[in-house]
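Look for chain A in each of the two complexes below; its partner is chain B in the first and chain C in the second.
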Partner chain A sequence: MSGAMIDTAGAPKMRRGFPLSAYLICAGGIVWREGLRFVHQRERFVSALVRPLLWLFIFAAGFRQVLGVSIIAPYKTYILYEVYIAPGLVGMILLFNGMQSSLSMVYDRETGTMKTLLVSPLPRWYLLCSKLFAGVAVGVVQVYVFFAIAWFWEVRPDWLGYLSALPAIFLAGLMLGALGMLLSSLVQQLENFAGVMNFVIFPMYFASSALYPLWRVQESSPLLYRICQFNPFTHAVELIRFALYRQFNTDAFLIVLGCTIVFLGGAILAYDPARGLISRKRQ
Partner chain B sequence: MKRLSLAALAAALAMSASPAFAYKVFVSNEKGNDVTVLDSDKDFAVTDTFKVGQRPRGIAVSPDGAKLYICTSDDDTIQVYDSKTHAFLGTLPSGPDPELLALSPDGDQLYAANEDDNLVTVIDTKTSQRLAEIPVGVEPEGMGVSPDGKTIVNTSETTNMAHFIDRESQQIVANVLVDSRPRWAEWKHDGSEVWVSAEIGGTVSVIDTATKEITHKISFQIPGIRSEAIQAVGVAITRDGSKAYVALGPANRIAVVDTKTYEVTDYLLVGQRVWHLGFSPDEKYLFTTNGLSNDVTIIDVASDEPVKTVQVGQQPWGVAVTPN
Partner chain C sequence: MQDGILSQEEGRLPALSVEGVSHSYGARKALDEVSFTVPQGSFTALLGPNGAGKSTLFSLVTRLFDVRHGRIHILGFDLTADPGEALRRLGVVFQARTLDLDLSIRQNLVYHAALHGLSGAKAKARIGEILATSELRERLSDKARNLSGGQLRSIEIVRAFMHRPRLILLDEPTVGLDIRSRAAILAEVRRLVREEGVSVLWATHLIDEIDESDRVVVLHQGTVRAEGLVPHVVAAERAGSIGEAFTRLTGVTAANGREEARA
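Showing the complex of A and B:
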C-alpha cells in the first residue's frame, strides 16, 4: 500500500508502464492490509468459523434423520448429512466472506480509506482485483480451518481431495467476492448492508444445493428447483463438492467462471471513475 | 538380457495372476425372486441377473466355487445353479421354508434350517439325498459349521437358543440360551468362539466353544438412533480373527468390533435395513445386502470405509462370493 503511494510521485511519467515490482508491491500491500485487518478482528475470525460450525454441529445433527440423503454424484455410497452439507458450508464461508469484504469497502468509502487506495496510479481494475484476491485469500484460510475442525466431525474426504478442492474454493471465492464488490458499488451507506443480507445472502444460500440435494427440492417445488439451478451459488457449491472428491464438474466450472467474469467486469465498470456508479453517487 | 527376461517373467506372472483374483458376488433378492451377479473385474458392476425360485434368501457357494446353493423359501426347496453359467442344475430336498444354509468345509454336506418345521436337514450334496433331520428349537434360522467340520451350530428364533450339533452322531450336544431372536451363528476361523447375533435383543453373544458358555455379550449404541432400531443380524469375522462386522438391520449401520477387547470401534453407514455380509476371497472388501434400499454396499476392510453402493434387485437378502 505504502509502496504504491510512494510510486505516485512519478506517476505521470510512468503512466504507460509500471514495473512489475510496482504491481507486486501494490498487491502485497492490499493483501497485507486485508490479512492484518482479519487477524486484528479476532471476533470476525471466530464468528466466521462459528457460523458454519453451528450448522454442522446442531442443524446437521438435528436433521440427520429427517433428511436422509440418497446416493448422488460425486458420492458413491451413503453419506451422513454432515458430509453432504460440508461443501455447502464452505460455500457459506466464502459467501459471507465475499459480502464482508464488500461491506469493508463500503466502510472504507465512509471513512475515507478508499480514497487512499484509489489514489494509487495503478489501474483501477488492478486495484480491485488485488482487493478481491486479498479477500479470497482470507476466505480460503477460514475454509481450511473449518475443514480441520470438521474432520473431527466425520467429514473426511481423502487428503488429495483437500488439495484438489483448492482451485475450486478459490474460484468460488472469486465469484462471490466479485459479486460482493459489485454490490458494494450499489450500497451507499453501511446501514444499507442489512438489505444485502436479506436480499442476497439468505436467498442465495437457501435457494441452492448447499443444504438439500436438488432432486429433493424438485420433489417439493419444481419452481424452486428452477430458481436453484439459476443460482450461481448452487454451481459454486457443486464445483467444490465434486473437487473435494477429486472430480471435475465441467458445467459448474463454466458457470462459476462465467459469473466471475461478469461480476468482476461489472464491478470494474461500476468503480470506473469516468463511467461508474461510484462517480455518479458522489454527486 | 537377463534383466529383460526377468521383467518379462514378472509381467507374465502379473498378467496370469490378475484373473485369479477375479470373483463374482451373488446376491439373493428376496422379493425379486432372482439373483444379481456383481463382477470384481468390472468395478463391481452388475453383470447378470437370473431368475430363481420364490423368495430366495440363504445363499452359499461350494468350496470349489463351481456350484451355487440357494434357499428358495416359498418353494420349500434348495436350488442348485452353476456359478459360471448360472444354469439351473437341480434341487436338494430341504424341509418346508428353508431360510439359511451352511456347507461343510469339504462341501459334501449341506445343512439347512427349515423355519416352519423346527428341523435342521442334513443333505448329501453329491447324491442330493437327505441324510438326516435333526429336531431343534422353534423357528430355526442361523447355521454355522466349525472350521474342522465336526460341529454345527443352529440358532432358533423363538426358543432363543444356539444348538451345538455333533456332525457324527447328529445329536445336539449343548444348548446355549442367548438374547431374543437369534439369527446368525459365525465361527471364528480358529474354532475357539461362535458369535451369535440376536435381532430383537440387539446383541451379539460370544460363546466359548470349549465350555459352551457365553463369555462376552456385545451391545450397540448409536447416537441419534433409537435402541429398537438396532437389530443385530449378519456377522462376519476376518480370517485372522482380528475384526468382526455386525449388520444392524434398520439402524442402517455395520458395527466394527475389535475381537480382542470386544469393543465396538466404529459404525459404518450403509443402505437401509442391512441383512447379511460376505467377504471377498482376499478379504479386501466386505459386501452388505441392504434390504430396503435395494442395494449392496462395498466396504474397504483395511480402512473400514464404505467405498461404493451398487443397485441390485428387489429386497436383497443373502450374499455369497466365489472363492476366486
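Showing the complex of A and C:
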C-alpha cells in the first residue's frame, strides 16, 4: 500500500566490518555459555563419565576372558581388553557429547534461545563453528577426566601419548559434533530425538572398531566388516588409538577430516536462511 | 564494536524499509507485497490481529527466514546482501521468551553482548548504564527462572538495547502480562527510545498500546492496509479513533489490553 521505496543510490557505502576482537569475543562468549551450562548440569557431567566407566569396569572385565586381542598396530605387545577399548570409550564420550550438544540445539530452538544466537550480526557459519568448538571443548574435558580415572584401571599410555592424542580427540569431537549439528537441523521436535539414539548412536558405536578389532569382525561377518569400514566412527576411534601411542594414522585422519568438512558444510547449509531446512520446516 | 553513532549517510535513511516483501508457507501466503518504512527516531506500531503476518515479518527482518521476494533495508543496508551490517544495527525482542533460564540475568546479558562483539567489561558498564535507575539492578545475580514474566520481559528489552542498536523490533512484547506490567513495559520502552534516540517497530494487536503521536502500520491478512501518523490514518478513514479506523480497515474489532487482561 505504501510506496515506501528506498533510494538505494543513497545507501551508505561505509561498511565498518567486524574487527578480529569482535570474532574472538563472540566465540569466547559462546564457549563460556556452553561451559556454564555444563557446570550447571552436573548430572550431565556425571552421566557422561559413568557411561564409559561402566563399560570399562564391568563390560571389559567380563569380556577380557572371552575376547583375546592379538598384537595389532599400534600396540607392540599383548594388551588387556580394557586398554583396547579405552579409545573406543573416548569415542563414546565424544559421540554422546556431540549428540548432547545437538540435543541442546534442538532444545534451544524450541525454547527460542537459538534465535538469540542466529540474529547475531556475525556470519552464521562462524556462529555455528563457535558453537561446535564450544561443545567439543566440553567433550575434551570429559575425556581427560575419563583418562585420569582409567589410569587406575591400568589404561596407561605414556604421558606424551596423552598430549599427542589431544589433536586427534579434538578432530574426532569436531566430526561427531558436526554430525550432531547436522542432525539437529533435521530433527523437528525434541521428542523425535530419541530416534537419533536408535538410528545413529547405537549403530555407529557397535558397528565400529570401538569394542573389537576389525579382523575379528571380518572373520564372523564380511558384510559387517564392510559396514564398519564405512562407519566414520571407526576411523575416529582408530585416529585416537594411534595418536594415544604417538603414531599417526593417515587414512583415519583423512577420513575423519573429510567427514568433518562434509557434516559441518551440511549443517551450515541447513542453518542458512537462504538455503536451509530450518525455515522450510516451519512451513 | 558498535558505538551507536550514525554516519552522515545513515542519518538520512529510514531506520527500516520493507519493499514489496512476500512470504508463503507452502500454498498459504502469509505476506503479500508488504511495503512500509520506519523513519528514524519514530515509534511505529505494527498493528494487526493475530495471524496478520506480524511474526512472519519479524522473522524476515531478523533474517531467521530468507527474504525470497522483495527487499528489506536496515539504515540503508540490504539485509540479504549485507546481513552483518544490517543486523548489527538491530535489536530484537521476540514474542516467545528467549532468555536462558539456567543462567543469571547478568550472564544472559553478557552472553548477548558477546554475540555482538562487546567485551565483558563493556557489557557490564552498559548494564550499569541502562539499569541505573531500575530495581532490576538488584536482581542481576538471580537466575532468569526466578523472575516474574514482567521482569523477564524487561530484561529482554534491556538486552535488545545492550549493543546500542539504531532500530528495535518488539514482537507483541506485552502478551501474557498483567495491566500494570504492560504499562510499565511500554513506559520503559518509550523512555529508552527518548534517551537512546532509537527507532522502534512495536508489533501489537492491542489498540490501547498506541499513542496519538505514534506512527502506525495496519497489517491484515498479510497486506498493509494503512500507514502513517495516527491522526492521519484516523482522518483518512473518517473515523473517531484509531480503534474505529482499524475496524474499518480490517473488519475486525480492535482488541483492548485492559479488556483482555480482565478476560
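In this section, the second predicted complex is superposed on the first by the 267 of 283 C-alpha atoms of A that agree within 3 Å, B and C clash if a C-alpha of one lies under 4 Å from a C-alpha of the other, contacts with A are read in each partner's own complex, and residues count from 1 in each chain.
FYI, a residue touches a chain if its C-beta (ideal position, glycine included) is under 8 Å from a C-beta of that chain, and two chains touch if they have at least 3 such contacts.
The structure displayed is predicted, hence computed values, not measured ones.
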Partner chain(s) touched by A:261 [first = chain B, second = chain C, both, neither]: neither
Contacts of A:112 with chain B and chain C, given as first, second, both or neither: second
Touch count on chain A, higher of chain B and chain C: C
Which of chain B and chain C A:80 touches, first, second, both or neither: first
Touching partner for A:160 - first (chain B), second (chain C), both, neither: neither
Touch list for chain A against partner chain B, complex: 61, 64-65, 71, 76-80
Residue numbers on chain C that touch chain A, as the complex places them: 1, 7, 9-10, 12-14, 17-19, 24-26, 35-37, 59, 62-66, 71, 73, 75-78, 80, 82-88, 90, 92, 94, 96-103, 107, 110-119, 217, 223-227
Complex contact set, residues of chain B against chain A: 224, 252, 269-271, 297-298, 306-309
Chain A to chain C touching residues, read off their complex: 1-6, 8, 10-19, 21-23, 25-26, 28-30, 32-33, 36-37, 40-41, 111-113, 115-123, 127, 273-276, 278-279, 282-283
